[in-house]
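Next come two complexes built around subunit A: one with subunit B, the other with subunit C.
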Partner chain A sequence: MKSNKAQYRRYTRSGWGNFFYFFFLIIFGLFSVLPIIYTICTSLKPLEEILIFPPRFFVTRPTFENYAALPKLLSNLKVPLSRYVFNSFFVSIITTVLHLFIASMAAFVLAKLKFKGSKALFMIIQFALLYNTYTLAIPQYVIFSETRIIDTYWVYILPYLPSTLGVFLMKQFIDSSIPDALLEAGRIDGAGFFRIYWQIAFPIMRPAWLTLTLFAFRDLWSMQPQGTIFSEELKMLPNIMSTISSGGIARSGSAMAATVILLIPPITIYMLTQGSVMQTMGSAGIKE
Partner chain B sequence: MINLEGKIIVKLKRSKFGGNSEIRTGMIMLSPFLILFFVFTILPILSSIVLSFTTYDMIAAPKFNGFANYIKMFSADDMFPKVLRNTLVLAIITGPIGYILSFLLAWMINELNRGMRTVLSFLFYAPALSTNVYFIWQVLFSGDSYGYINSALLSLGFISEPIQWFKDANYVMVIVIVVQLWMSMGISFLANISGLQNVNPEMYEAGCIDGIRNRWAELWYITLPSMKSILLFGAVMQIQSSFSIGSVVTALAGFPSVNYSVDTLVTMLMDVGTSRYEMGYASAMSVFLFALMAVTRVVVGKLVDSIGK
Partner chain C sequence: MRNKKVTGIERLKVRYGRMFALPWTIGLLLFFLVPLVESIAYAFSDVSLVNDDMLSFAGLKHFKYLLQEDPNFLDNMAEAVTSFVFSLPIIVALSLIFALILNQKFRGRLFARAVFFLPVIIATGVVMKFVTGEALNSGAALSTAMGETESYSGISFDQLLINLGLPQSVTELLADYIARIFNLVWSCGIQILLFVAGMQSIPDQLYEVSKIEGATAWEEFWFVTFPMLGNVIFLVLIYTTVDLFTAFDNPIMTQAYDLVSKNSVYDRSSAILWGYFVIVGIIGSLILFVYNRLLMKKWN
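Presenting the complex of A and B:
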């Protein structure tokens, strides 16, 4: 096998090919990260450097004063800052956890149980991947209003729970990583269908649920529903950004500092789940 | 003896999950998803089809009015054609470019070693993680001379006074496209990286024996065809995001944007529905958007299927 591998690899890239390869990677790498680096730099700039003209990209005398100024800047919000922090974490964590259970149970049933209509149901789910909360906003709004959940936490939580991406990714992962034979052992021991899911399948599905944790948390963390949440006590962290940035240029350091802080949770989760994401996404294909 | 035989037979019969008690447990496990999926996805689609043939203000009961909403959309509303044009321009530009980029970059970093691949995939994916951070672009393109782009152009002498980027219909579309592309290395990018890793190396070997002599031929005849299902998944994700561009637009250009130069179906829907409460009309636009996306999905499915042929 090894010697074969050495034989077939293969052709080399021309000089120009190499040039374009690196050129392309570098250009797009810079396009991706420069705005984020600029944010971090600006968040560390003292006021004089923010007001300097022409503005410099990098920071020369880094300081944490923009971060230190945040609590005071945010002290005159309509509700205490801690409430926004609580809302963000509460909604993101509760919804993510519930979503994981609901999606993994449904995916397990769709993957392993033979019942009438299971194929059709999965086809519908696969097609529904096309529509997200933005495209469904209007009819969902009617439903929110009919069920009287407007201006409650439910507006964040309920529509996200049946997110089709979760069920889809989990089902594909089960199909490719959990063979029936593995579950058979549990059956011979007399375990019921739910126990087999919970004790055998769920632990094996770890990469898939870590992946969903990333996607769900990312979506929920940045959620700013339009027209469905009015009470300030129910709003999440992204809403405080407008309060800070309305302070104009002098506040832009603090606005960037808040931005950097908001970026930390999703980036941390990505760092922790990265390996699992790669393992899971390989089975995400749609077959028609 | 009989007992033992009986047991064996039962076991053989049950070798696939599908016994009565399993079906019952299974249905209970499926029901939370099924109920919520019905209420928040299926029912919205069905109800918007019904409501699209009515006038409905959320107070009085819906009143049937035939095709009036659809007729209004195409002949009596001067905002709708603009918004439709913007939606299509954004989808046609950011959709394919974002899609091709997310494959191309994944393909390019695929040949690097594991460490480099991990670092670069993080760098490319980082903007998608910073969903709310397009605020950065507001600062970069800020309309006064402190905006980074303005000051750079000013000091290089390209312009003599700062440009109001978000107030100028000529620029605002371009900025939205740039920002959208910036965030487009998302789920499909990750799926592509992972999918490329899963292509069976023996396929490349076989291709080499069959006379494939360069990367492009290998890409077209081996890599792409063996990733078709991942490519279709990526395409679906791309259609989903490029037709629902809205919050970026509102965050950058406000609502309504200058002369509706960059408002999309999604931003107009929100306005017609949740501030003007013309739910019948908003539903008709929603149905139109659903149909537009479904048609695109079918066409793209056919295109992906023809890869490598």
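Presenting the complex of A and C:
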């Protein structure tokens, strides 16, 4: 993936084949982006167009009044909007960073060291990947209340940290792209364990942690815990959506406008990490 | 690969290794393994939220109830399994086709990839519910999660299709099909990515040889690309299985979710999910078994 030499294949040679392929691609691609376009269109619709039944897909007289209405709609929240914004960014960023460190440390050890229980741990990871965490909601809740983290920031942060996808992807990536010899060289040069991890392995793992950043941020950004956060001042941005939309259909333009704004951070992160995501996924399928 | 004895950093103290893995291991224990064991216990007990001792052993009571008395469980299970069996091959095949196209050289390739990956970025949480509205989610799970059902409007295919002025039955049918295709395309994001990444790691020489040997594109796919993707296909199969299994619009998930959120019935809900987990596990391993036997054997 380092060079750009002929890595992309041409499978079709005939014009018709190409035409068919791209027709296929465009049709299904449309399905992929349709809801986003619709969301953007609706967010630009003036009230009369929102109330039309049946609804039209495109906007005929675009206006920014839905966006302009947002500050006023949000001015009578129980806590100031800035608090939600802060919470969202604070929780997403802190948790993502902590998760990156914890997961990459575990993955590094799992990939490069043999110790009692390391095999078992990797088995557990693979099992956990197959298992749906939703099933665990209730027992998890019991643990939250026993550890007294309910209604604190910790209840967002702690449960996310041991998520297994990150460790799995990182371990696969280390296996495929960090040779033992390199770490050995570091050791001979007198680097300690932590230095080897931090100065040699961590920089090489850049594509893997960028990928994880994308996934973690995506999950955290839209998180809306059920029954574990009660204080309004600890809630995150998705919560304001229900405030906006409780105004009924007339507010749906503004709800869409807020949605569009909420989509901006994850999409920005995707655009920044796109290349790395591809590279990391390339190593995911490598066995052992 | 087996011979790990020569590992270079082996001499580094294992102590450090343990220390390094510790934070994550504790987290895993606390927030995954312990709850996992607990939920098994729930499935075989009566859970009471009022009494001091929450659990009292109930044996197979909940499973018996589900199989013999519950009016919906077996229907839901049949529906979930059928849709799983149909969706899995379609999603895998679709992703493979998309990946083949997206792996070719054409202008706007990066943009096209982003388009297909977009659902992955936004397909979680509240934002997604607003974007897609109820078109995707016929189940009650999401509307209860949202709190308000009527107050938001995402994209609704049935309503939009009224514009075409077709008879109502045709509109409904069409909307249903569109919603289904839509669901499928939106389930392909990660799979496409895995396939494209896999295709890029296939050595160029293989394609050069096949070209010199005069292989057609069709043969090139079946004799070079497809076999070389063996592990990736395996990964995609697993991923898709999990994805479908945990999807929120799945009737079993809805049933289990409703039991918890509306009636606070934890024990039967755990029993449902564990029963489902076992069945999906069996089907999943069957698929992988067939895959290993039929396909891998052919290549070796």
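Going forward, the second predicted complex is superposed on the first by the 253 of 288 C-alpha atoms of A that agree within 3 Å, B and C clash if a C-alpha of one lies under 4 Å from a C-alpha of the other, contacts with A are read in each partner's own complex, and residues count from 1 in each chain.
The working rule: a residue touches a chain if its C-beta (ideal position, glycine included) is under 8 Å from a C-beta of that chain, and two chains touch if they have at least 3 such contacts.
Small disclaimer: the values here were computed from a predicted structure and weren't measured.
Once the two complexes are overlaid through subunit A, subunit B and subunit C clash, as defined at the top of the document. Contacts of A:L70 after superposition on the shared chain: neither subunit B nor subunit C is touched.
Of the two partner chains, subunit C is the only one that A:A181 touches; subunit B does not reach it. By the touch criterion stated above, A:A191 is placed in contact with neither subunit B nor subunit C.
In the superposition on chain A, A:P54 makes contact with both subunit B and subunit C. Looking at the shared chain after the overlay, A:K114 reaches both subunit B and subunit C. When both complexes are overlaid on chain A, the residue A:S145 reaches subunit B alone and has no touch with subunit C.
When the two complexes are overlaid on their common chain A, residue A:I204 makes contact with neither subunit B nor subunit C.
Touched by subunit B in one complex and by subunit C in the other are residues 5, 7-11, 13, 21, 24-25, 28-29, 31-33, 35-36, 38-39, 53-55, 57, 102-103, 105-106, 108-110, 112-115, 121, 124, 128-132, 134-140, 142-143, 158-159, 161-162, 164, 167, 180, 183-184, 187, 193-194, 197, 218-219, 221-222, 224, 226, 238, 241, 245, 249, 252, 255-256, 259, 262-263, 266-267, 270-271, 274, 277-282, 284-288 of subunit A. Those residues of subunit A whose C-beta lies close enough to touch subunit B in the complex are 4-5, 7-11, 13, 21, 24-25, 28-29, 31-33, 35-36, 38-39, 42, 51, 53-55, 57, 102-103, 105-106, 108-110, 112-115, 121, 124-125, 127-132, 134-143, 145, 158-159, 161-162, 164-165, 167, 180, 183-184, 187-188, 192-194, 197, 215, 218-219, 221-222, 224, 226-228, 238, 241, 245, 249, 252, 255-256, 259, 262-263, 266-267, 270-271, 274, 277-282, 284-288. Here subunit A touches subunit C in the complex through residues 1, 5-13, 17, 21-22, 24-25, 28-29, 31-36, 38-39, 53-57, 102-103, 105-106, 108-110, 112-115, 118, 121, 124, 128-140, 142-143, 147, 158-159, 161-162, 164, 167, 180-181, 183-184, 187, 193-194, 196-197, 214, 218-219, 221-224, 226, 238, 241-242, 245-249, 251-252, 255-256, 259, 262-263, 266-267, 270-271, 274, 277-282, 284-288, going by the rule given at the top.
Partner subunit A is touched in their complex by these residues of subunit B: 11, 14-18, 21-23, 25-27, 29-30, 32-34, 36-37, 39-45, 47-48, 51, 58, 101, 104-105, 108-109, 118, 120-133, 135-140, 142, 144-146, 148, 151-152, 154-155, 182, 185, 187, 190-191, 193-195, 197-198, 201, 204-205, 208-209, 213-215, 227-230, 232-233, 236-237, 239-241, 243-244, 246-247, 266, 269-270, 273-275, 279, 282-283, 285-286, 289-290, 293-294, 297, 301, 305. Considering their complex, residues 1, 4, 7-14, 16-18, 20-21, 23-28, 30-36, 38-39, 42, 94, 97-98, 100-106, 109-110, 112-122, 124-128, 130-132, 145-148, 150-156, 159-163, 181-182, 185-186, 190, 193-194, 196-201, 204, 207, 217, 220-221, 225, 229, 231-232, 234-235, 238, 241-242, 245-246, 253, 256-257, 260-261, 266, 269-270, 273-274, 277, 281 of subunit C touch subunit A.
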